[in-house]
Amino acid sequence: MGRGFLEAFFPNFRLKEELPMAIFLQVVLDGLLNGMLYALITVGLSLIWGVMDVINFAHGEFLMVAMYVTYWLGFLMNVDPLISWIASAAFVFILSVIVYKLVISQLIGKPPLSALLATFGLSMLIKNICLNRFSPNFKLLSDTYLGGRVIPMGDLILPLPQLVIAIVSLIVITCIYRFMTRSRTGWAIQATAMDRDAAELMGIDTSKIYALVFGIGGACVGVAGGLLPMYMPVHPEAGSLFSLIAFVCVALGGFGSIVGSLLAAILVGLVEALVGFYVAPIFKYVAVFGLYLIVILIRPKGLFGW
Amino acid sequence: MTDFALEVRDLYAGYEGVPVLHGISFEVKEGEIVAIVGANGAGKTTTLRTVSGLLRPKSGFVKFYGEDVTGLPAHVMVRKGLTYVPEGRRIFGKLSVKENLELGAFKEENREVVEQRLEWVCSLFPILKERLNQKAETMSGGEQQMLAIARGLMSAPKVILLDELSLGLQPSLVEKVLQIVTEIRRYGVTVLLVEQRVLEALEIADKGYVIQSGRVVMSGSSKDLLESEEIKRAYLGM
Amino acid sequence: MSCTKRGRKLWYGVLLLIAVLPLIPGPLQSPFAQHVLVLTLLFACMSQAWNILGGYCGQVSFGHSVFFGIGAYGAGMAVVTYGLTPWPGAIIGALLAAIVSLIISYPCFRLKGHYFAIATFAIVEIFNRLFMVWYWVGGALGLDYPIIEEGWKNFMWFQTKTQYYYGAFGLFILIFSFVRWMEVNKLGYYLKAVRDGQEAAEALGVNSTAVKLTAIAISAFLAALCGAFFVQYNLRVDPPMVMSLDMSMRFVLITILGGLGTFWGPLLGAAILIPLQEYSRAIWGGLGGGVDLIIFGILIVLIVTRQPKGVMGFINLLTTRFKATKGGDD
Amino acid sequence: MALLEVRNLTKKFGSLVANNDVSFDVEEGAIVGLIGPNGAGKTTLFNCISGVYKPTSGKVFYDGTDITGWPPHKVARLGAVRTFQVVRPLIDMTVFDNILVGAFLRTSKLEVASEIAESCLKMCHLDDHRDKKAGSLTIGLKKRLELARAMATQPRLLMLDEVMAGLTGTELKEAIDVIKDIKSRAITLLVVEHIMEAIMPIADKVVVLDSGVKIAEGPPSEVVQDERVIAAYLGEKFSKRLREMKA
Amino acid sequence: EEKVIKIGTLFPLTGPVALAGQRCKAAVEAAVEVINNSYPDIPVPLADQEGILGGYKIVLIHADHQGKPDVGKSEAERLFDQEGVFAIIGSYNSAVTKPASMVAERRKRIFMCGASSSAALTKRGTRYFFRIAPTDETESIEFVNFIKWLNETEGTNYKTFGVIYENTEFGKHAAQEAKKAIEEAGFEYVADVAFNPGATNLNSEVQMLKGKNPDVVFGACLGADYILWIKTMKQLSWLPKVSLNYCSGYQDPLIAKQLGGDGDYFMGTTGYSPELAELMPAVAPVEEIYKSKIDPPVPFDSDSIQEAVAMLVLAQAIEKVGSLDTEKIVDALYANEWDSPLSLGGKVAFAPGGQNIKAMSTITQLIGGEYRRVFPEEFANAEPVVPMPSWDQRK
């Protein structure tokens, strides 16, 4: 088989080398921060999936749209992402609700795969509309307030944009979690997820609930997309890999479980960082997807699935 | 104006191109127990689904206390005071019994009122009281059926539609449940009942309608129906 | 049983139609039209292979591009790496795909619904990335065919597409006949039974594990044959071309669009989606603004929201309406 | 030797004991009724016999073979077939195809299977619904479909879990005839039913469970008189009516 | 009968590298504009006359291959068979150019390739395939020569090398050539960092570089990844002493602008950038036309300009032969040295296999948004700033 199998797969296998603790900590920190970002994207997807049983293939595109909103607000009106993310989230919320009304609502209760097909079409549509309108150019906000800033902590470097994203992510997820478990609407959402007709019979306006859930799911990813341009360039393909990772996180955490999504996303972030550094960067997603398979072997319904 | 709690006229409905109801009409007075009986597949469930708003009728109308409510979605009907307890239980399996019951009172925002109703249904169904924290899906078939009724009552409806109430209940419970139905009426709730146990149903009902292939083929007071030869032959197996 | 008689007539009719399609003079004889026809047949075949597992057996897999890819690499390596004809490579690839599918199914079949789907999703990504760095199979550089003799021996032609067309037609007959046979035999019923209710099926004596394994192995085998055809057609293979989520999605989309778990679904889906994709690209692709993909996206959304059960759902609706009106006359 | 022997069967869910040391026999050719209050553990017992659950302890013998813990499809192949209380139709398949799946257990030939399915279809009065999707049937019809499908496997032991629930009196009569018909084909039956009017006239023996424990076993006429059964299960009104019926 | 010559273009107009594809398309359009119309002021061959062959106009038929080889192949077939184009110009991605140019080869038609950089393309023994741009192989060698030159003249002592590249056809190929060149020159190849394009983050990649701390890093990162790579290096406050880049990310003037100061001091090969204009006075007027065809208007970059050259050289060959006889044109293409004011060095000539042996590029360094020519000496207009100032030394 040509050159040795192992050598082929691990061109820069490097576990043997001694590495200082500080680097390890830095890798873990980066993984953690990225994990928090994934969590924000995952929660939205998970919510939609868990409640409506709709696989939103356009999730990554919602992210991309949010990034564009922030970009344009920054570029045309000089609004910093630190502020404009709110607008981006709101924009995607509205976009999601519109998408729900126009497309998804017609597919509720229909074969579940039809929604998949529709969102796939949507993703293609959104991506290429952005390509058409905004050109395929990579757009980067040059002078954001936090862009490139770091807090040095001894040997460790704490990147501020990522830190802010992580904090916002934690806040948003906590809010959603409390909303889902403590509020009456949250209850209604759970009931709707379990049995739509029965929920309707409890006096719950389930189409409103669906629109709301789709909107919240979109808003979550909108928050993420609104903050990302602090250090990420925007272009029509920007959402693709994020959504891929989010899909795995959702299943890894267990569909519809918010805590599960959070933990799964952090786990994925860590594995990605550690494997990327200690094995080889190209294997980081192999490891992430492999991790999913292993976890699912032990817990077929994900970490927190019921 | 009209003294009907529920009035249904010429209802046509069906599923995806398959017509099931062909002009159903009936009426229920406030405080009555009305039974709808009929063979398997006659359209009883479809009738209740249409009245409760889960299914949109093709034509015809439904009036609730004189107000035209045709085609209103189910959640609006619940708010108006009409609750449907569907066949096949449809409880929220992953939630506890208590959570199921509280969801039943979803439209009620006052905690105290909810607590009161909880106590009320627990007194009607003592078994539930013992199981308040059990996951609903692990309860036996009969227990689930009782939970479904109790949950329906939690919304304190003016009119309750009960579908296949006794399905899968042990004999003593059938007796009990039917007794509860008569009790419910004493709390001022109007009952529309669908039952296969024609005999038992008619025994507690004031009035009955017989549905066959989506049409009302017979109606009258329970007594008359119970004595009718046709009913005896076709439904009581005598 | 008049129903099956009509079915047989339809089947022979379609076979005949496909057989003579490239012989019809006129627009269909242009090389591009022939290209569209070849792709349509190929993707109909591939979607049908997917349909065995995804439609009939209800295990919606996003992982079929792995099998497709293994078949493609089988043929590709036979020609490029070992200088053979593609035939042994295709067969070995297909067998390997079946074996790989069985190994994969061990963890995956314990999973239900979406968990299964995401697991297969993960598997594609793993395979894709491993193949990208695996020197033996060409890694990211892929395999490019040398210029060798054309003809059936090497299964490649440069001037015309007619032979490719009949090659695809052969594949079509193989796969569709198999599914036709399956539909009216124990296997077909068992597949559907497992899809609609595994526990109920088991209570009726159906060994659901065995049934699912059979389904995935056959499905993977046939998918790999399609993959082999695909490389022979494109004369190049690299991981993103054949082993990507994108490719998997196409099989799923075509089948859903045509009608999941129906015999004609994959053919109808391919007959709509592939020409739509190819012609819209030919007409609008050159504009450069992704106009073709925008239109493509809109059409998909429109079709699905109009008829969530796919084209077959639409046809079924028409026939029941037709029957109903006829029944009314009687 | 009895066709089915249940020996000291116990099934626990965590701390809940659903079946507690249950033993009884089902003799070849008999109709055995299994009754008991809601939640007594009847369905759980069915699940243990048919292989859906593994019993916590105890054994199940079928025709002398120890089938404890066998997977469901193997049990079914031996000839012990059950229906589900919570109906499980193969929703996207037609009624006829549902039955056909059962019929394929004993043959691989479509023609043969079709014949079997056809006769079961007739037997359960499902002719009118032949080409309907099973998912669109009403509950009552789905129950009949469960029965037809199980019959199509040509079982030796048929275990019915509340197939007669939801029938009107007249339909019940027909159903009883069907069951008698089944019995006449030398098929042994184990029947769970809450409708006493149905079970009492046909059962050779009735086993009563309460809270997972067997509390009575014997001919129907005796069981109906049993104070414990009346208290736990029948209630006054029904026991009176049943006694009247007998009279 | 209308006097037109149809030429097909085949670029990735959608998909991950749509940006480059659309620029390439516009570049070819600009060249055609020059050829078809009379621009006596533009010092480019064929500019002063209208059309070629005595009034024939070139008509472009555009096709989109989405970055997918299979699509590229079938679109190439469509262009030849359906649209009846005389030749094709394309396809940017080497992975697509390979199968697409084979289509031309088998039909004995000309395939002009501007920017695809895989060296393998011109080692296939083809007759009808011509490539203008320098290959990754030549660029890698030039990179290494540059470092040698630095070590000799600037007194630096750079020995260790690393490569960061996207794990695709393009990146992998560039990395292979880099490794070969580095090792042949006797330098140490210490870090081989491949990543998946479209990355969500490049932390571990940069950590890895930082851990190995090579003196010189070669980069093969496209657009968004290039930006992310630099941003991540800044965050982890690490830089190599010299960074040399292949292809697009570094060369994209828009990206350079957006990166601002962060993009400074990086280097890369450049076949063209506005700062090279003084060497190539003919570019400016063509560039004006090009700018009108792309939104937002950007100057030529090294990739797109090669596509324009491809068009111009092909047109010159047709004009020279005087007929649309493919065989004669091919022979002419091999036999002559072509004037190419849009190419650095001003000449194009093809070796057997189709490589432009006159292909040249400079190494530039980006400072203050300006690409300064630093190597080879004959083109240089500035001294390279090495080592790059570390992040905290910048403003």
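Per-chain residue numbering starts at 1, and chain names A, B, C, D and E are given in the order in which the chains are listed.
Everything that follows uses one rule, which is that a residue touches a chain if its C-beta (ideal position, glycine included) is under 8 Å from a C-beta of that chain, and two chains touch if they have at least 3 such contacts.
This is a predicted model, so every value here is computed, not measured.
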In how few steps can one go from chain D to chain E if every step must land on a touching chain? 2
With centres defined as the mean of Cα atoms, the chain at greatest distance from chain B is chain E
Give the label of the chain whose average Cα location is farthest from that of chain D. E
Rounded to the nearest Å, the gap separating the Cα centres of chain A and chain C is 31
CA centroids of chain A and chain E: separation to the nearest Å works out as 35
Any idea how many Å lie between the Cα centroids of chain C and chain D? 43
Which integer distance in Å separates the CA centroid of chain A from that of chain D? 50
Multi-partner residues in chain A (2 or more other chains touched) are 11, 128, 131, 282, 285
Contacts with 2+ other chains: residues of chain C: 129, 132-133, 289-290, 293
Chain E touches at least 2 other chains through residues 14, 18, 21-22, 167, 194, 196
Hey, which residues of chain A end up touching chain B in the complex? 184, 187-188, 190-191, 194-195, 197-207, 306
Chain E residues within the chain A interface of the complex: 14-16, 18-19, 21-22, 167, 191-196, 198-205, 207-208, 210-211, 223-224, 227-228, 231, 234-237, 252, 254-255, 257-260, 262, 295-296
Please output the residues of chain D touching chain B within their complex, sorted ascending. 13, 16, 36-40, 43, 85-86, 129, 136-141, 144, 162, 165-173, 194, 196, 232-238
Name, in rising order, each residue of chain B that touches chain D in their complex. 15, 18, 37-41, 45, 87-88, 138-143, 145, 164, 167-176, 196-199, 233-238
Note which residues of chain B are touching chain A in the complex, please. 52-54, 73-76, 78-79, 83-86, 90-95, 99, 102-104, 106-107, 109, 151-152, 155
